[in-house]
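You will see two complexes here that share chain A, one where it goes with chain B and one where it goes with chain C.
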Partner chain A sequence: MQTESKSPLELEQCLKCSICTAVCPVMNNTDAYPGPKQCGPDAERYRMKDIRFFDESALKKCLNCKRCEVACPHGVKVAELIQTARRDMSQHGPGLREIMLANTDIMGSLATLVAPIANFATGLQLSKEVLHATVGIDHRRTFPKYAGTKFETWYHRHAAQNQGQFKHQVAYFHGCYVNFNYPKLGQDLVHVMNAFGYGVQLLEKEKCCGVALMANNMYNQAKKQGQVNIDSMRKALQGGVETIVTTSSSCTLNMREDYPTMLGIDQKDVKEHLGLAVRFISRLLDEGNVKLVWKEGFKKHVCYHTACHMARLGWNVYTLNILRQIPGLELDILEQNCCGISGTYGFKKENYELSQKIGSTLFNDIEATNAEAVVTECETCKWQIEMSTSLPVINPISLLAEALDLEATQKANIR
Partner chain B sequence: MSQEYDVIVIGGGATGAGTARDCALRGLKTLLIERYDFTNGATGRNHGLLHSGARYAVNDAESAEECIKENMILRKIARHCVEEHDGLFITLPEDDLEYQKTFVERCQHAGIRADIITPEDALRREPAVNPRLIGAVVVPDGSVDPFRLTIANVLDARLHGADVLTYHEVTSLIINNGRVEGVNLRNNLTGETSEARAQITVNAAGIWGTLIAKMAGAQVSMFPAKGSLLIFGHRVNNMVINRCRKPANADILVPGDAITVIGTTSDRVPIETVDNLRVTPEEVEVLLTEGAQLAPALASTRIIRAYCGVRPLVASDDDPTGRNISRGIVCLDHETRDGMAGFITITGGKLMTYRLMAEIATDMVCKKLGVNKRCTTAENALPGTQPDSVEHEYDVVKDHSPYGRRSAGEDNRDENKTYVSHVQQGRFGNNAHNIEAGRPDKDALVCECEQVTVGEVEYAMEHQMVERLIQLRRRTRTGMGTCQGQLCALRAACVLSHKTGVEAAKADLRNFLNERWKGMQPVAWGSTLSEAQLIQRVYRDVCGL
Partner chain C sequence: MKYNTVIIGGGLTGLVSGIQLQEQGQRVCIISFGQTLLHFSSGSFSGEESNTDVQALLKNAGIATVAGGYRLTPLGELRPAALTLEGYYHSETAELKEKSFAIVRLPKYLGLPIEFLQDTLTAQGREVSIITPDEVVGCPAEVILVPACKAGYDLKKTYGKRVSLIAALPPSIPGQHIHAKLQQYFQKIGGTYINGDKVVRSTLQTDEKGVRVQSVETQNLGDELIVADHYILASGSFQSEGLQSNYDHVWEPVFGVDTNAPEDRTAWTALDFFEDQPYQHIGVLTDEAGHALVEGRPVSNLYPAGHILGALRTDIQNLNDALRIAKNL
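Entry: the complex of A and B
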């Protein structure tokens, strides 16, 4: 009799119940993908025997949305089995397209320097056609706009000097998207945390979390960047910040769950202090430690989309806990469906149609709510939904900033 | 049925199938008889180890030499049945390192390559090996799929004109004037009786050979030795791992296909019990404890099955007490030995030496029949290993089908095939391309753990004498994966029912699931227990079986 059962990524815990195949957004939209069970635990047994059983063209179809892992009743790391196989067995280096899409920070740094030109250029049909034909980025795709001023620049100019006045401090991992494309979310985060009586620090060094690098098989670079992030976080924690907050669900999941398993980065000591701002705020609210002053007459109708990686974290409850406390907010909760973009996946021309097909259920559901906006924590879902529906997409932190009387709240919390 | 044959071979194990093949290749009109399905006895219940012979080198030089010769032959003639991954003989701190010296010397003496490597090198080559090892020797061990090997022999025998009967049991021998002239048969599926006649009858029935011999009034003293083995859910090791010491319990760990097998135990059992053996909890304990000495990961790796077989050990004729048991090949001419003409028993030996045993038996048959033909089984490759250009009646390329694997064209599952077809190639060798594929109804998976498609099931039904799930399992691995039939059994039964009818398929399904449970029961804990419960839920509670 054996008292414990261990296997790489829990592959032996798979009872072949096939629940994962029922929830897989890819498998349910194309015949070209054999599904999470076959590509994960089934094929892994043969891949252990010989690399010739590694079928890259099939495995590449995986979105890594991790809905299979959420569904699995036995904790099999289905998506991770697929991703580690790609990591360890792929014979192909990343192409120019992969390098362009995955290096969100380098591309961002370059683009923000010339933001108006970059935005103009990526918006041009001609440049889209060129990208489509040369590197294989789909010409039907809308690119996220680059901001003229990076979030970090804004922070150092307008926020850094005020943070010392707060008794409590948190560190903020903003991510590439906030820094280069959407600094307003970072600004909202600073305002909201300040209103609750928390100063916001940036990390000494922040690199792209690497999720896009990993999806495009650039693990060495991802590991280097990940190590920088974890070291900086560790230093920040030692320096006295209470926690490290984030606003992106995919960055967070990647740094919490995939750093140790996929990149071999030891971050046990940091992990428990690293989480989405909504988790931190939800806990503050539950503990009754903050006071909230809402704007008079605030009224809005939104629908909430649970991003795949948010579902994997299981943290949508925190967001919903906050949203439900906003007076005047009409909230529809959408059925959980993948939007189809999955980071850089939907940008590739061979995936565009599949990506839109996967998202179509969600898009229809969104339009049917007649809401004013969609709320979600994931920036790539934002691009996809804004491109594919008529609604704007906002982060719950921004919604909170919009609904709160920030000045009055800050006064109430710092007496 | 009453037909004249030159030779009747009793027993559908590797030896019987090999003998039938050899006889057929030498132009004899041959009938092969098996009372259930092929490989039902010891052939199908062992490690599947492609012995280098190293294990016998110290104590049994003759067996060692036979093994290494046959090992090299099988790599040539049965390429699609073997995996050439080499083996390690490891010395642990509690073993005597002196033994390694003797071991290597004797191996070299027997013609077996045996290279001493450092423990570090051993760990690099085989990360699963016990890191406590103090010595390691690399030998040309490998693994062999006994099911595939046996069916390949059967197919080649048929190709050369042999008739084959499965589910036919010999109820008695037809004896006239001190001569065996044939066999009386009972169809074990229908109960019908019949007879078949031949000039020579070869008893290749393994441990059951002692009962066949008794029908001719001859005593062949056999000592049934039960050996139990465990199957782990995935490949823990990629090289065979043995202990470098005197052979003992559970000291061979063999990777084969997608699994790893540890074995064996060894216990004498009464001949009356050999049809109803079960693996005991004590045996499981021994296998687990000793196995963890070879590869510590075994202690916490899921076990999907336990099974046991019976070695046909034969007492040498001059020592009927059985003290002097040989694992060597025994070929008895009952005419000179017992005054019973037309009757030969071939027994003893090992899976590894099945071809040599067949050669020895066939030589004797030929001598008796006055046929002067040389044995060619060591040169002629088996079906599946033969070059593509050779066309056989049983694998004629289906040019009437526009869907052949090679012309899949615009099929949108084409990419998926690279994986599935690799797996199938492993099972069928160069016959794999005759499996219909390239359209959804043929590519649909029947067995997901082992990647068996509808096309493959149909191929097996058409060309490999498959009507029942147990036959399908042995030909294609359907139901051998971690789910042990949970997903595949029903689907496979559906495909088979096109040939056998729904009621027969239902009964077959019930038997198959019970047989699967028999192997899971001794190791029913953890995920394997959950799996068994899920199977029960699906079949009893949902399907109402």
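Entry: the complex of A and C
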């Protein structure tokens, strides 16, 4: 007699309680998506018998926010059931649009070379119309700006030579967004870690984590890139760094949770040393191992948005622990709602309106706080919220860099 | 991470005790795995006696309720309720006061058995019509019922007191509202709410003074030790996995608290489905002061509360216990 559940992704644990459908941002905003329960555990039983029950047009509507998995009282990997079905049963290769959107590092490298031109061009209504009509990237969307100097270039020019002076060392997986679009976040990270007495190293080789590739069904390439990342992290850990810190919640969730299940990459030894910088810093603060010198008279009113993948990681507790310690910070915690962009999902023209409709609850909540800025760990949430509300969006690490007297903190921590 | 009290379970019992403790000045962390039984809420809190403390606490969190009286079930029967959300149909007496009812049929919505409801109300001698949302204006019925779904809440917003909500099939919209409000309020007053995470390990310490919980660890936070002076175990019954069973035995998965489950497996269920089912009375054991018993010994800082003590307990019993435990910590 079988006494334990052995079903893949906890399929058999589904009680049919429908709680996942109540939290699904897509299902609650369109009739075109049958919902996580139906597309996940319900349909999986049929798909196991016959591939004819694989309905790609429905499954494509899932934005993989994983709120269903956070809500499930029985640990069913609902979103993963949907994504693995797409991975294993889809007959369609990615189109030009998918290749463009998913290859964030290649596109980033190209765009950085010609950043002013790229930013000018993607800002032009004409080019937006061309992209809309030819490849299907929605013309109403604001594109992320590319930085003229990559974070890696800045690091090698201005930071690398100073890192040796610190007794403790961490490695930083910066991700494509910091490298190509927003080097300032990476700079803030280096400054904050330095202030706490930690030197920051880059990995020997860093590739895009692959989250966008996976969302667009390019698993082979994602696996190759993932393996490079994990190998580099392993090497860094063997070389003596204490941990690997990140600033992006989606990259982190992908590398920690989805690499083994979706890509078959064995990273058990690395996983426990790989996490968001907020986790590392929150633990440093709890242990009382660092001294903090705050800027005098610092005052700011922010609201915190728990990005979907941050919710799935379950780590907003670390961010809130840090934010609550900043004197002069007024903090509103927003109700957990999806912003609607979900990486590349909202860039596709067939999803644009739905994406904005999904986000509208969050956008209204944000405006109602009267805060000066939104704090979140997710870069695509940042694009979406900045495009759809009047508020700027910052990463908690940047907020920390803004609130700390970095120089005095560094002096207090290096003796 | 250090707290005064850690609460395992983020449902009604966990949140209300958390709010009470936080308001008493404690630093509280709630660890919640998946959504809670609130997602099956009828819009009322079950039990016969209301409690003004509970009602006041709910009100502070933005949840307005009416005490006592009767709620109307989706099948058209009146049942006693301790507290009912404002806006829901509510009767002060055990008999329907009004003579005429209209039920709004929402397009494409199947979550309320409308004809069934019409039949039972008609059988109680009431005049019952079924109308469309457009017919609300000018409808002569004394009571207009709309199902408590998203579209029903929109109608309620438009027509205010002219329409009354009635519970519909889960997942429950009122339950989600209650949960969201309590969770938001708990965080607003400084509480830490860990969502979608499971306690996977607990460490008990035994010395001459007895047994106590030293720390717990969760799935998502890895090797992070969560340490508190007190622990409230409000993880629910079987449906919420506060209790688990296989073919041999019933156990409480976090601390291994003793249960009152009969050893004989056949004694867990009654053959007639409609009989009182013994497994619904299975719960964890405590001493007289409410400390959990593990291998027969009281754990001095662990207090079970809510449905983990038995699935048939009413909301008000759970809420009263939550407040009582919190006030004693």
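As a working rule, the second predicted complex is superposed on the first by the 412 of 415 C-alpha atoms of A that agree within 3 Å, B and C clash if a C-alpha of one lies under 4 Å from a C-alpha of the other, contacts with A are read in each partner's own complex, and residues count from 1 in each chain.
In this section, a residue touches a chain if its C-beta (ideal position, glycine included) is under 8 Å from a C-beta of that chain, and two chains touch if they have at least 3 such contacts.
Since this is a predicted model, take the numbers as computed values, not measurements.
Colleague: Using the touch definition from the top, say if A:C17 reaches chain B (first), chain C (second), both or neither.
Modeller: A:C17 sits against chain B and chain C alike.
Colleague: Going by the contact rule set out at the top, does A:K167 touch chain B (first), chain C (second), both, or neither?
Modeller: neither
Colleague: Touch check for A:K268: first (chain B), second (chain C), both, or neither?
Modeller: neither
Colleague: Contact-wise, after the overlay, does A:A32 reach chain B, chain C, both or neither (first, second, both, neither)?
Modeller: It touches chain B, and chain C stays clear.
Colleague: Pick one for A:A43: touches chain B only (first), chain C only (second), both, or neither.
Modeller: Touch status of A:A43: first partner only.
Colleague: Regarding the shared-chain residue A:W315, is it in contact with chain B (first), chain C (second), both, or neither?
Modeller: In the superposed model, A:W315 contacts chain C only, not chain B.
Colleague: Going by the contact rule set out at the top, does A:G75 touch chain B (first), chain C (second), both, or neither?
Modeller: second
Colleague: Which chain A residues come up in both lists, the one for chain B and the one for chain C?
Modeller: In chain A, residues 1, 4, 15, 17-18, 31, 74 are touched by chain B and also by chain C.
Colleague: Under the touch definition given earlier, write down the residues of chain C that touch chain A in their complex.
Modeller: Going by the criterion above, the answer is residues 1-2, 29, 33-36, 39, 108, 150, 170-171, 176, 180, 184, 187-188, 190, 192, 194-198, 218-224, 239-241, 246-247.
Colleague: State the interface residues of chain B toward chain A in the complex, per the touch definition above.
Modeller: That would be residues 233-235, 238, 255, 257-259, 284-285, 288, 297, 299-303, 412-413, 415-416, 418-419, 422-423, 440, 445, 448-449, 451, 481-483, 486-487, 525-527, 530-531, 534 of chain B.
Colleague: In their shared complex, at which residues does chain A touch chain B?
Modeller: The contact residues of chain A facing chain B are 1-2, 4-7, 11-18, 31-32, 34, 37-38, 42-46, 48-49, 52-55, 57-58, 74.
Colleague: Residues of chain A touching chain C in their complex?
Modeller: 1, 3-4, 15, 17-19, 21-23, 28, 31, 69-75, 272, 283, 286, 311-315, 317, 320-321, 324, 333, 335-336
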